[in-house]
Amino acid sequence: MVVLLLLLIPLIGACFLFLYKGDYRFASNAALRVSLASLLVMGARLFYWNTPEMLTFSVPWLTSLGSSFSLRMDGLGTMLSILTTASYFLLFWYLKDRSIERPATFFAWLLLAQVGMLGVFLAIDSLLFYFFWELALIPMYFLASQWGGVRRIPVTFKFFIYTFLGSVFMLIGILYLQSKTADHSFALESIKKIRLSSDQQSWLFWLFFIAFAIKLPVFPFHTWQPDTYEESPTPVTAILSAVMVKMGILGLLRWLLPLFPIASYMWGDVVMSMAVVGIVYASFLAMQQTDLKRLVAYSSIAHIGLMTAGAFALNNMAYQGLQLQLFTHGINILGMWILADLIERKMGTRKIDSLGGIAQQSPTLTIFFVIIALANIALPLTNAFVGEFLLFNGILATPSNYYWVFAGVGGLGIIFSAVYTLKMIRAIFYGEVNAITQKPIVLESHECWVLSVIVGLILFFGIYPQPLLDMTADFSKELFSLTDITSLFRKS
Amino acid sequence: MPINYYLFLAIALFSIGVVGVLTRRNAIIIFMCIELMLNAVNLLLVAFSKMHYKQAAAAAIPIANPGIDGQLFVFFIMVVAAAEVSVGLAIIVMLYRNIHSVDINFLNRLKH
Amino acid sequence: MNALLVSAILGVLLMLSSVFIKNKSYIHTLALAGLAGLFMLNLAELNGWLLFEIDLKGMLRFDRYALVMNAIMLASLFFYLLLSGRAMEKVGPHYADYLALLFFICAGLFMVTGYASLLILFLGIEVISIPLYILTGSDKRNLKSNEAALKYFLLGSFSTGLLLLGIAFFYGARGNFSATVSVDPTVVGSSLQLASLLLLLFAMSFKVSVAPFHFWTPDVYDGAPTVFTSFMATIVKVALFAAFVRLFEDTFSLQFSIWQPWVAGFVVLTLLIGNLTAVFQQSVKRMLAYSSIAQAGFMLLAVYAINGDSKEGLLLYAASYSLATIGIFAVLSHLQDYTFDGFNGLAKKQPVVAASLAIFFLSLAGIPLTGGFLAKLFMIKAALAYQPWLAIVAVIMAVVSVFYYFRVIQAMYFRSADDQEMMPEFPKSFPILLLVTALLVVLLGIFPETLLGLLYF
Amino acid sequence: MSISAILFWVLSVAALFSALMVVTSRNPIHSVIWLIVTFFAISGHYILLNAQFLAVVNIIVYAGAIMVLFLFVIMLMNLNKESEPARHRWLQLAGGVSGGALLLVLVAALKDTELKSQQSLMLEGNTGLIKTLGQELFSNYVIPFELSSILFLSAMVGAVLIGKKD
Amino acid sequence: MQSSFQLAFLIPLLPLIGFLINGLGRNQLSKQWSGLIGAGTIMGSFLVSLFIFQSVESGNTAVVSYFDFIRIEGLRIPFAFQIDALSSLFLLIITGIGFLIHVYSISYMHEESSSSFARYFSYLNLFVFSMLLLVLGSNYVVLFIGWEGVGLCSYLLIGFWFKNQVYTKAANKAFIMNRIGDLAFLLAIFWLIIKTGSASFQEVFEFVQGNQGTSKFTATDITVVSLLLFIGATGKSAQLPLYTWLPDAMAGPTPVSALIHAATMVTAGIYMIARSNIIYSLAPFTLTLISWVGLATALLAATIALRQYDIKKVLAYSTVSQLGFMFLALGSGAYVAAVFHVLTHAFFKALLFLGSGSVIHAMGGEQDIRKMGGLSGKLKITYVTFLIGCLAIAGLPPLSGFFSKDAILLSAFLHQPLQYGIALFTAFLTAFYMFRLLFLTFHGSFRGTAEQQAHLHESPALMTIPLIVLALLSVVGGWIGIPAVLMHEADWLGSFLAPVLSSSTHEVSHATEWMLMSLSVVGVLLTIGFAWFLFRNYRERESKGLLRFFEHKWYVDELYDRLIVKPIFYLGRLLKEWVEPRFIDALVNGVGKTVQLAGRQIRFLQSGQIGSYVLLMVLAMVTVLLVQFFIRK
């Protein structure tokens, strides 16, 4: 029931906003209330509504195809649902006082995207999963293309085509799997029962992986991402990178790894290489960027590279770290985008070179920025540290022969992330003020609150991440039992 | 006569029709060549009809009116051809009224 | 059979109506009412209620599949008339005659979906084609329309020649024209049967515009008056596909292994040519012509993999593709500028129209939650049972199709109009009707069971 | 060689020759005349096959009505001279070659058909008689017969629609 | 557990509270309050530390666990403190010297605005908090948290005056170089966790001792772990090749240099290796490497210090050099000597830095010793204390530096006589550059501007009292580790640390020991004399040859710039301008372009000519028929 509510609330909100053409204040308030309702439902789920009946929902649908409308909220789903609802709430709160053209439609699309993403996180029927996967994409496309920057049309179109291309390969994989199930069903449980040869696993693996790799994005499938992040309106970018890329990781964790464990092991080296090369590559590019949004975009690629590598580490530690990181990366990058948006909006530029000295005029903003940026580079006692710690630990423990290469090269990201982050902080905040940065950035109270909540989350889970780790413990354990290489090879 | 002779004759006539369609520029001539193709088919159908007639006659159990389907089909082809001609010529005339030519090479407003 | 006879009678009625009724909106209403009646009669037949008891003598066979297909076509036609009916008035003064021809074609459509003898197939195709030649050329002063009509006529007749030669071979080998019996090809006249199979394949490919027999399509669709292009590209094509499937499912099922690779080749070729050429078009109408070729490539997968999935898929395809294309053409026929720029800024001026159009294009591109997606899904699933690479080609081409479909969406939503004067005006009820059509397309994507259920209950 | 065989060969040669002349004549009028000759030759074949009804219909409908219509149109358009410019040489060649290839392929494909030993019965059998055909047409073939009326109706409407001057 | 240990959480908590109050209330608090809170919390921590120290000295140790920081299937990392001899000793150093420096800072930073004053104290408190976490942690992860925390505070404090981009650049450099080491440290932790299943010191060491050489923990594992840990230490403790950040770190306020970049943070590496001595004792190769790296660093930094003119730079290089000595001790297996030197060095180096701060304060911000001279008259207390510091660092008995340095030299001698030789030479160099600094600053004639001269004054009491206290400590600090040869059973430190640190068992005859001591003392005295001769009256001279090489710091910064920074930058440029747009993105766009191009070509099939359409159709048919009848058969 909870799962259904989670989908219905934003859906109804979106429909309402599509039909109602209110002014900005009205639209943003409505959206904020909708997101608050989702968040409250999620909160209730954490503390009261946690019986299995509340967490699953299944009705027949597309029976002729063997699909059903089945949702289930496991640990991973809980984590990502919290992230989604929280991110939306914070973002909408932050957007309370703005002016955006056609506001009702804007918020409606965002809420529709929320439906899509939550659906992806909760679906346990592969066709349904695919449905939501695309449903999340369309609103993003419209948002980015309508409210974006100058080059928005070609850039977002590339984004759309690229991700769509990836997802249709996955569709083929899904259909193939369905045809192999005993009961001709798309349900995850049925698919898990198929015994696939390693050859079959191999090509199915790639069909699925390309979809996820593009969505994530993993080097070298990433070229849509910096452009799209740059051209999208920043709130959309925030959702894209805070929540949407998690769809790819979820795909890896819930679908790819458990369904094709042998292929995941066989191709693990290739994927890991892509991922760690991506970390270094993206870091290098991030160091070279002069545009704040592009810089954050590349840094996000580097983080995603780490997460991808972690997913293929195939051990419990990495899984736990990865899932923790899903949440923490989401919160941190959301904070980064909000700050980037604040700076761009108030300074009128996001060119790093033309900024400088903001720390003198706006110390509060600087503090928020530094804390969030440091969380982004996983300083201890910030939330990202534990995740990255476990991730790297898991990567070093990967069953591959090249574990030390992956850990070493990937670890360079730790250094490089510090390089570009500090460079950015220095260029934007330090030094003397100039004509552009003369005016102090005064934070509105709600902006302050949003950032404080984010910083609070960063510090709280940096010091005490155990609740989040516990949340995903069962899922990790199960996943590990399905992908444990030693036991897999013992079986076969 | 062996059926093969009719078969080849019909195919030859049909192919001549095709060649005509391919090599001529006058829409009316092309149309005539198509009629030639239809006639080749007609001839073949009649020949087959008589072949089946003979087969049926040789068979132990007689069936009513063997081979008649083919000839009736020919009849229908002629019916259709007549209808087609009336419409086709009307179209050609209409075109002629507008561009004063029936040369299909001039039909190149629609391409790519 | 109900609908077939009644539609012919309706045709005659409409033909005569122009004499008695001068007000065109009455004629339009009459046609709509007639169509609604036809639809009900068809549904009645689906439930076993027949208007006339006629001995069909093995010439026609209205099974559930044919009847469901007919229902889909009738529904599409209904929406077509609702949305585009009045646009026909702009073509020429013979409004009632156009409608009469449409109903005659309708009879032909029922013939090709329900044929049991190749004779009926032939007659049906001709009953469809001849009025279409006329409708294509109905904009008499327009040289493009003239040219399209002649091209269509000549090429169509040529393909009829091929069809007939195929039928003649068929007759030579089997001694009858029955399409319901599949004769073991090893017993008698195998090479004749093979030749007839291939010739029929060519002829049918021509009729449904499958590459490399598609050449007439872009020119004819482009040249014909937009209202009639819409009809040709949707309902007619769908009916012919039903005939195509029936021919290869019933008549040639035992030669499956022979024709399947060829069909696969045609699928690939059609998808490639249709999609790639559409990418480069500047006119939306011509783009839609190529896209209809591309969609034909997908529908051909139903022939390729004759199984339950593909037949159900074809039904879904028929419904979603027809409705979407009809909707798009209905809007297009109101525009002055057929280039992509003609759609610039439509979303601001006409949000409902733009939203509906967006849904149509999303459906054509095969985005989930639209009927088009499920239709493609069925097709790919069917193909996957035989050849994974074919499915892969198909989906890649589906992605390519996004290239050109989304150009319209981009124009409508993300660009602004240069010239507000060029913005089209729509009749009052038009956006609502369009929205209803779009919702139907979405419903097909969410609850396809309601449609597919007709097949089994 | 029996008389029917001789007749067959004569008619075949006549049909092929006149068909070729249809395609090759520069003057459209000549083409029409040659086509009529072809139809006559084919009608001759029908008679040989004892399909009398079709032979007669072929002469009346095709050679008579249809070809006259053609002739009429050509006259109307004043095309009664060798006005048609030749196509490109290579296009003609390509057309001829591909048509020839079609012929060759079909003949080669069908020359060994299992039916090659079968004979077409000549000069006997009553299937081609009007009476039998009529009976069949109005019993078993009544549905297609009726349906073809739709064809004519639409052709009629169409011809009027297209031909009428607005 | 000793009841006093239950207060252990207060030690880091108090500075944290100070940080929070000062940080959040920086706009509200007055300077007095900020300073009071900043220094008061540290005082509190110091008192608790003393309390705990007492308890430890009476033989109690404990691991106090608070909550599980990370608990997953197969791994549990508690947030726990380990209280034993080593940590309690460091606690005292940190809180004690930290407190003095806080007090000093109140006066030193008085010119700052009240909000940046509070910011300063909050950073300083946060630093102390991190450092305390570092030494208190009972496992590598908590240690690492503190480890990164001190790095962060160092970054924040170096860039404290963030308007100056040179300073912020130095801050970045410090942080990044630390991160390089941190990566290695992290990898070492991961390695340990994977192999031993734990990160806690006790469990790891037990496991390593129990399973060394077996397949569970092979010799390779030991080498890898010890090497990685050492690389981590080189970053934090400014050893070759990662030392260049430390001299640049002098951009921060002088008390910061004293606290962080001399007394505490930079010794974290030594603490960590000393803490891991059980692993190191099993890794002879790494130990040798450490000793050589330490020695090389000591020598290199000493030579550079010879020709520096910035008062703080000299001290910075001297710090690097002294840290090298400590690593030499570690490498020789003399962990106690290393820790001893950490302690004494903390005293006299903090003293020297604070003294230099006093000088800079008096000179109105001037740091160039060429512009000083003859300050001894005006800055009497500063001069005396500075002199004591110099004597201590030069290693003259009975000052503290003598004992600790002597212990190191002795261990080097036992370990490898060549190393001893170099180390001794470096010790002479130390005396030389320190007294060069002293003479140039305080002796001779004043070389600054008249304005500066008029401004010269002794610092206020808040600054001089810490100087005096530190000077006292510098004198007596060495007496806790008097070698047996001088006084029997006076090596209190050695026995105190014995439960934690394994000590080398080599014994050496008293005669040798006497000889070594006297050699160094005589050498140092001679060196001081030489320095007096050279620098009593300073004349500016163009440095040539080797000296020029030293003055330019061996061109190491330039070398790094050429070898690492620039290549990375150019590689980044290459990736940005070539690989990304012209290769990866071009590949993606190329697919799109190919589709368009194909479309453009294929559409020419649609020629508009009926003839060609039919031709193509016929050709297609012929092809299909041909293939079907004659090829596929």
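Every chain is named by a letter (A, B, C, D and E) in the order it is written, and numbering of its residues begins at 1.
One rule holds for everything that comes next: a residue touches a chain if its C-beta (ideal position, glycine included) is under 8 Å from a C-beta of that chain, and two chains touch if they have at least 3 such contacts.
Because the structure is a prediction, the values reported are computed rather than measured.
In terms of the stated touch criterion, the partners common to chain A and chain D are C, E, listed by label. Chain centres computed from CA atoms place E at the largest separation from chain D.
When every chain is reduced to the mean of its C-alpha atoms, the one closest to the centre of the whole protein set is A. Compared on C-beta pairs in contact, B-C and D-E come out with B-C as the pair having more. Taking each chain's centre as the mean of its C-alpha atoms, the one that lies farthest from the centre of chain C is E.
Taking each chain's centre as the average of its CA atoms, chain A and chain B sit 66 Å apart. Separating the centre of chain C from that of chain E, both taken as means of CA atoms, is a distance of 77 Å. Once the centre of each chain is set as its mean CA position, chain B and chain E turn out to be 97 Å apart.
If you average the Cα atoms of chain A and of chain E, the two centres end up 36 Å apart. Looking at chain B, residues 3, 7, 17-18, 21-23, 25, 30-31, 48-49, 51, 55, 66-67, 72, 76, 80, 83-84, 87, 90-92, 94, 104-105, 107, 109-111 sit in touch with two or more other chains. Among the residues of chain E, those in touch with two or more other chains are 592, 603, 606, 608, 610-611, 614-615, 618, 621, 625, 629. In chain D, 87, 91, 94-95, 98-99, 102, 106, 109-110, 113, 115, 141, 144, 148, 151, 154-155, 158-159, 162 are the positions where the chain touches two or more neighbouring chains simultaneously. Contact annotation for chain pairs lists A-C, A-E, B-C, B-D, B-E, C-D, C-E, D-E, with touch applied as defined. Contacts from chain D toward chain B in the complex involve residues 4-5, 8, 12, 15-16, 19-20, 22-23, 28, 31-32, 35, 38-39, 42, 45-46, 49-51, 53-54, 57-58, 61-62, 65-66, 69-70, 73-74, 76-77, 79, 84-85, 87, 91-92, 94-96, 98-100, 102-103, 106-107, 110-111, 113, 115-122, 125, 127-128, 132-133, 136-137, 141, 144, 148, 151-152, 154-156, 158-159, 162-163. Residue ranges of chain C in contact with chain D, taken from their complex: 8, 11-12, 15, 54, 56-57, 59-60, 92-94, 97, 100-101, 104-105, 107-108, 111, 117, 119-120, 123-124, 126-127, 130-131, 133-134, 137-138, 140, 149, 172-173, 188-192, 194-195. Across the interface of their complex, chain D is touched by residues 1-9, 11-13, 15-26, 28-29, 31-33, 35-36, 39, 42-43, 46-51, 53-55, 57, 65-68, 71-72, 74-76, 78-87, 89-94, 96, 102-103, 105 of chain B.
Those residues of chain C that touch chain E in the complex are listed here as 151, 154-155, 158, 162, 191, 194-195, 198-199, 202, 206, 212-213, 215-216, 218-219, 258, 262, 272-273, 276-281, 400, 403. Taken in their complex, chain A has these residues touching chain E: 158, 161-162, 220, 222-224, 281, 284-285, 287-289, 316-317, 320, 357, 359-360, 363, 374, 379-381, 385-386, 389-390, 392-393, 396-397, 407-408, 411-412, 414-415, 418-419, 422-423, 426, 429-432, 463-466, 469-470, 473, 476-477, 480.
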